[in-house]
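Chain nomenclature is as follows: A, B, C, D, E and F, assigned in order of appearance, with residue numbering initiated at 1 for each chain independently.
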Amino acid sequence: MTQTAKTTRDDGQLTLRDVVAVLERRYPLDTAQSWDRVGLVAGDLDQPISRIHLAVDPTLAVIEEARAAGADLIITHHPLLLRGIHSVATTSAKGASVTELIVNDIALYCAHTNADVADPGVGQALAAACGLSETQALEVTEGQELGRVGDLPDALPLAEFARRLHEHLPATASGIRVAGPADGTVRRIAVLGGAGDGAFDAVRASGADVYVTADLRHHPALEAREEAAVAGGTPYLIDAGHFASESLWLPGLAQGLVAELGAAAARLDVHVSQVRTDPWDFVLGATGPGASGPEQHPESEPHTNDAGDHA
Amino acid sequence: MTQTAKTTRDDGQLTLRDVVAVLERRYPLDTAQSWDRVGLVAGDLDQPISRIHLAVDPTLAVIEEARAAGADLIITHHPLLLRGIHSVATTSAKGASVTELIVNDIALYCAHTNADVADPGVGQALAAACGLSETQALEVTEGQELGRVGDLPDALPLAEFARRLHEHLPATASGIRVAGPADGTVRRIAVLGGAGDGAFDAVRASGADVYVTADLRHHPALEAREEAAVAGGTPYLIDAGHFASESLWLPGLAQGLVAELGAAAARLDVHVSQVRTDPWDFVLGATGPGASGPEQHPESEPHTNDAGDHA
Amino acid sequence: MTQTAKTTRDDGQLTLRDVVAVLERRYPLDTAQSWDRVGLVAGDLDQPISRIHLAVDPTLAVIEEARAAGADLIITHHPLLLRGIHSVATTSAKGASVTELIVNDIALYCAHTNADVADPGVGQALAAACGLSETQALEVTEGQELGRVGDLPDALPLAEFARRLHEHLPATASGIRVAGPADGTVRRIAVLGGAGDGAFDAVRASGADVYVTADLRHHPALEAREEAAVAGGTPYLIDAGHFASESLWLPGLAQGLVAELGAAAARLDVHVSQVRTDPWDFVLGATGPGASGPEQHPESEPHTNDAGDHA
Amino acid sequence: MTQTAKTTRDDGQLTLRDVVAVLERRYPLDTAQSWDRVGLVAGDLDQPISRIHLAVDPTLAVIEEARAAGADLIITHHPLLLRGIHSVATTSAKGASVTELIVNDIALYCAHTNADVADPGVGQALAAACGLSETQALEVTEGQELGRVGDLPDALPLAEFARRLHEHLPATASGIRVAGPADGTVRRIAVLGGAGDGAFDAVRASGADVYVTADLRHHPALEAREEAAVAGGTPYLIDAGHFASESLWLPGLAQGLVAELGAAAARLDVHVSQVRTDPWDFVLGATGPGASGPEQHPESEPHTNDAGDHA
Amino acid sequence: MTQTAKTTRDDGQLTLRDVVAVLERRYPLDTAQSWDRVGLVAGDLDQPISRIHLAVDPTLAVIEEARAAGADLIITHHPLLLRGIHSVATTSAKGASVTELIVNDIALYCAHTNADVADPGVGQALAAACGLSETQALEVTEGQELGRVGDLPDALPLAEFARRLHEHLPATASGIRVAGPADGTVRRIAVLGGAGDGAFDAVRASGADVYVTADLRHHPALEAREEAAVAGGTPYLIDAGHFASESLWLPGLAQGLVAELGAAAARLDVHVSQVRTDPWDFVLGATGPGASGPEQHPESEPHTNDAGDHA
Amino acid sequence: MTQTAKTTRDDGQLTLRDVVAVLERRYPLDTAQSWDRVGLVAGDLDQPISRIHLAVDPTLAVIEEARAAGADLIITHHPLLLRGIHSVATTSAKGASVTELIVNDIALYCAHTNADVADPGVGQALAAACGLSETQALEVTEGQELGRVGDLPDALPLAEFARRLHEHLPATASGIRVAGPADGTVRRIAVLGGAGDGAFDAVRASGADVYVTADLRHHPALEAREEAAVAGGTPYLIDAGHFASESLWLPGLAQGLVAELGAAAARLDVHVSQVRTDPWDFVLGATGPGASGPEQHPESEPHTNDAGDHA
């Protein structure tokens, strides 16, 4: 059900209807993946909007931050209700979140896979943070371009590339994880914000030297490194963090909203949330690229992924 | 198809048949989950066995390490061929691994979910590393007890508990990740080696203060923390690493094998692999419990998972 | 997740937690069918409860009636959110309903198939309205007894039986529909509140002369009449209306709640909604049993369902 | 397997093959929905045809009526064997029907969803009875246009529109049910013969003021009325009866058959069955639009569907 | 729907109801596999029965043979309508068969997997033809014992065993096929009438030297021979023909029917059909065990299934 | 993953990579059916190739034959690993086959449904053996033409046609089976190598007089003969043997390989295996077309498939 954009009210007060119209032009609902649940999650199209908060996840802390700041609309990347709910009782976190939003008159809007594929969008924000300017689609799913792939102006050592990317990401307790030799050379870069387990075939087909994504689990990551071992060593892997890799999109969204609303945005505040919704609070025992690796395997066969990499 | 155990050959030479008989007593094939693929993956039951290597994953580096050491049998936790293969050509990593094993006359045996539930087994080794002595099952799946839950002799601060656990784990580049306040109190501990996304309901039902597992992804971990926020703050989460949490089982397996083979083990060497098969090589920007958190959210509402936790 | 019943608050104020405890004793959650969604739909367990409204359906009109009457809890038979929802925006009826409930601090609780099978419950209330005292289960589904079957003290003509039943039902625009000859004799009665298309095999096996249920569609009803034609003419059918047949349960629920809450109910009002949630507003052209039928088929073969029935 | 049309026999006797050829030109088999079962159900293509009976349903009474009248072919809208049968023993109604047809040498032909979408066809006959001349498709399913939507020459009160429609329908015991205020204004009309539960999205998208269909059940109808309540009150609903709404197609079929068979029809009788196959025989307690409604809800909020409607 | 057995009519005339009652005692309907379709396929329970034909398949030729002989009931092993039918028009073979049965007043009854598992039944008749007296179940499926396994009094060469079996089978054009060396020794025999592709695991577990069944296709048979090659050479295979292997059951059924009907059978004829319903009419180029094999592979490795076997 | 063809090595030695390139030009991987598993099954693309063996099935006997002959590549029609395997231990035939291949450095390549549809390919080789020159596709599945249909220069009696076909086929113990009268006339021929149960609808639509295929089971073959009985008697059936019908493709493949490799084939031997992988070793009791049939049914109704055929 697309929303028909209307002009703001006679009194010049921006309504939720106005903001939704802009969002659905930027992120058309029919560009979302079929399993996704995007669009307006809570609120009334006629309610006035004066202050918007932008965040990756609609957590209770984000809702509380928005309430304390007087926001009347939260726009997030992740859907609150991806799986349908059958109760809004406060005994569950989903129910408590819905109740907090309604009681405090805060609307919620979600732009997820339709924001991933938009131009500008989540994929392009991550590509830009990697230093890529011109990019192509990593893969096409349900007719939409997911992920980006492109070439750096100059080749870099893997560790140096990772360091530069890390500078563009918000600090999180878990940092970013890298698989590959610190001095391996990378130039062709594939990126996919969020969970990237499912795109390894596309990454290999792209010829990328390194794959920047998040939420990689042990088995897919290890199997990708094994396939790389029989194919010359690449692609290397960088897990940049699910929250961190997708938060890069928020500042551009803030600017875009203000620009597209034009004069109507004069009385509108748009803020990016300061809550880091990465679930991890601290890490023990992680080692950087300069550290001597945790063990030194004596042989340095071309297909070992654990020898020499830390030297 | 269970293997009938036979005595060793007349000349006293241990055969693969002998070792398989011991393994299937320790880890009966019918205690594996229905989706799992356990048992003998490569080799001939009549081949002689003189040197056994134990590892979590049957990677190319592990096979090379075993070959270089003269091993004729590798026993791993993870199956090489969980998904069926249709080719053993060396163009794929799975094909290259199978070919390396056969060309070098190295047998491969896998004990996976049947080792998870064994006594002693993977779950109990992780529970012991957490300081638990008496434990109960975390959940029962397909009639088998998966995971353990038990109480520490004394309550500990979360960070201190994590530090003690970390000392028992093999060093990996990624270390261990913790969600929860450093000074939160924990006494009741739930553990599940390997990927733990699917057991949150059982963890909550167990009343655990902290859940020690691995391979937690953003959405399940964040939703678990949100549910904890409306339920008093616990359970906290520790992602101890998939490889690290399951490697704890290997030393006990080595001892058990030698003990059960008895006199037949006199001419047998059993080694735990020195290859760390965690796929990550280095980490940038991770922060420990003493560090000032990446941001300070001004409110300290009880349901924020990012405020005060790092103080 | 069953709710643990607690005593009322120290100040004697009844809370939602208290009422939920009583409801879950009367209608245990695990006696609902697996596809059903029962229990607390909206509200906070600690909110005070002073006035309860009972209804078959949680429509917007019922919520408005409850709000106007100052109710803080609605208990309905039908779930509001049987299918999961992904948005509570007021653009949809479900979202508007949820928003109305939360904004007005009205909790919602649903007892559906667990109330159908309870003793006393929906099936027994309908059986009683039919004049049955001792009954057996019509069928057993997922271990629960659904529907009732029993014998009248004396046989009655079908039209007379229907007239007596009609007197017990709330008036609706659509009335009740009867298939069978007005003067057919009935004594053994099968009843199933709500939509009864799926239970014809059980009805035939029960030997019932007439099946009292609702929401029968053309094809199942016609096929049931055809099967009856080759089996002697019975069972006849009565479609008593979905709302009407299930509303019979509400008065007993009101009495039971007050009785079970005991002294705590002293300051509690319990009302049955006056809103008829049958969706139909008027009917044209319906004909009663005394009317000359719409056409007279000349032959009166035993298997015609349209001859003689209207004479 | 389409039948190739052939000319009538040398002796001028019309055969089943001839009639089938005409029917498959009017209602091509490949325009039926994929789940449907249309075409020749019983008979031999070479059997002579002198008398044809037309009916909505192939019930035992219809077969008996046809036999008594000496018919050798019955053409119905509804398939006798939509679900496949595994026995034709006379212990079941389907078996008894098949046996009656074969023993009496009566062929049976069914045109169902392919007749719904034909021009002229079932949808257009219902649209014409509603007073619509020019119409568009209500929805397109599997490439076929299902249902019609169009505008009346002038707006009418809902009760008056229903009265006019009722005059075009065959009398049945259940009459027609209407949801909406008697004085609500309707001009844009959506129609779908037979069971219409599944087309509410298309009806809303069409902008129809009233939806004329049949076999609406409590939950879909009530949810449609709830959605209407948040969208201005329309579409209203008319359940015109499954049999009644589809019987409108039969007279046009009779004329069309005679016209297309031309000279060959000279010795052919075509009759529309007088058996009403609506399964209901009488109704108690239904109330018309002039009646005072069964209850008067004091508030008349715009979203109540039960207040004012009966005044 | 089980049929209640009644006594024969007052005039002593046997009815279909009487015969069905006996058949359902011998072959209870609920011992058939869930996918099967057994019981009465055509006929009226009250029709008189004077002559019964027994056959493996209800083909048009069998029906014609029965009609010519004046039979009023055919009992077959294979269902006529295993897949449900949607038409009985004579344009299809199934429709023509049903029409022929009804027009000629011939009832049809099928006892399929419930006859396979009966005692006496199809499996036991085949076991007896193999020379087995005491047998156990080959496997248990849906709670029923399918197939038999037992030991010959003395071991025999495979070719001699096949010759003796062949003498018990009705002659068919295709004969019986044997896989294994003519002089291989067999003593333990597994049998499964009809198509046996799916029971190889059970056959191997039974320790059978030879598996007598039918309808074995290239891939399953070849894979079974390959597995046998790595397991010592057995089980050998005999494809005795689907029709031939199951026809052995008919004479016992004829005797049993007469015996169980007792005095009521005095005026009853029961005949076994003389129509061979094996679909094949002649064979070219088949070679017997004495023939020099079609080619001689020089090596005689233990796992070749084509060397030495024909010497 | 298609293999990029490269020129032979500098020393002129043909490698597996060279042969694979030729095979994937002849039989593109994407012309295989989606369920199929074709391409390289074992081997290393850089291994030298001097001797190639061609066979229908990769049995242990074929591998042993190839090993004894010094072959380093086997090309087969049937996949070794159509179902994925989870173990290559020698306890199973599949594991033993893989192990034998790898230990003996023999590569394995499979061209299955992509060879069926190729031009020249399996379907065309069988059509040629039937005496057909110009043919069309029998059916189109997943965009590929499966099977062939064409007309003989002159009509032939069925038995004569079968005799001529038999002369082109390799001798097997089971010979070829024919359903239909020996003197029936055939001119239009449909062929489908391998198992042909699934193509009867296409065969009937093609108007073929006889269908030459293999692996026909009792029920599909009998039902096809029954449908033929109501449609004039044809199509007749010939089961030419799965192995035999597909082996016809091997000589053309041998010639094509040598021709396409050109000068590089100078040092290459290509042999067609002499192992007959039809699983059957001998047959008892088969009867040819001249033999008096196993029984003579007295009536010779047009729809009996067993009368007159053997005269």
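Operating definition for what follows: a residue touches a chain if its C-beta (ideal position, glycine included) is under 8 Å from a C-beta of that chain, and two chains touch if they have at least 3 such contacts.
Predicted, not measured: the structure shown is a model, and the values here were computed from it.
Contact with subunit D and subunit E alike is made by no chain in this entry.
Interface note: subunit B and subunit F, two copies of one sequence, contact each other through mostly matching residue numbers (shared numbers exceed half of all numbers used). With centres defined by CA atoms alone, the chain at the far end from subunit A is E. Of the two chain pairs examined here, A-C and A-B, it is A-B that is joined by more C-beta pairs in contact.
With every chain reduced to the mean of its CA atoms, the largest distance from subunit B is reached by D. Overlaying subunit B on subunit C by C-alpha atoms takes a rotation of 120 degrees, rounded in steps of 5. For the pair subunit A and subunit B, the distance between mean C-alpha positions equals 30 Å. Centre-to-centre, using mean CA coordinates, subunit B is 53 Å away from subunit E. One simple way to say how far apart two chains are is to compare their mean CA positions; for subunit A and subunit E this gives 64 Å. Residues of subunit D in contact with two or more other chains: 90-91.
Following neighbour contacts from subunit C out to subunit D and onward until the ring closes gives C, D, E, F, B, A.
Those residues of subunit C that touch subunit D in the complex are listed here as 57, 59-61, 64-65, 68, 78, 90-93, 96-97, 159, 162-163, 166, 169-182, 194-195, 214-219, 221-227, 229-230, 237, 239, 242-243, 274-289, 291, 293-295, 297-299, 301, 303-307, 309-310. Of all residues in subunit B, those touching subunit F in their complex are 1, 37, 39-45, 79, 81-91, 95, 98-99, 101-103, 107.
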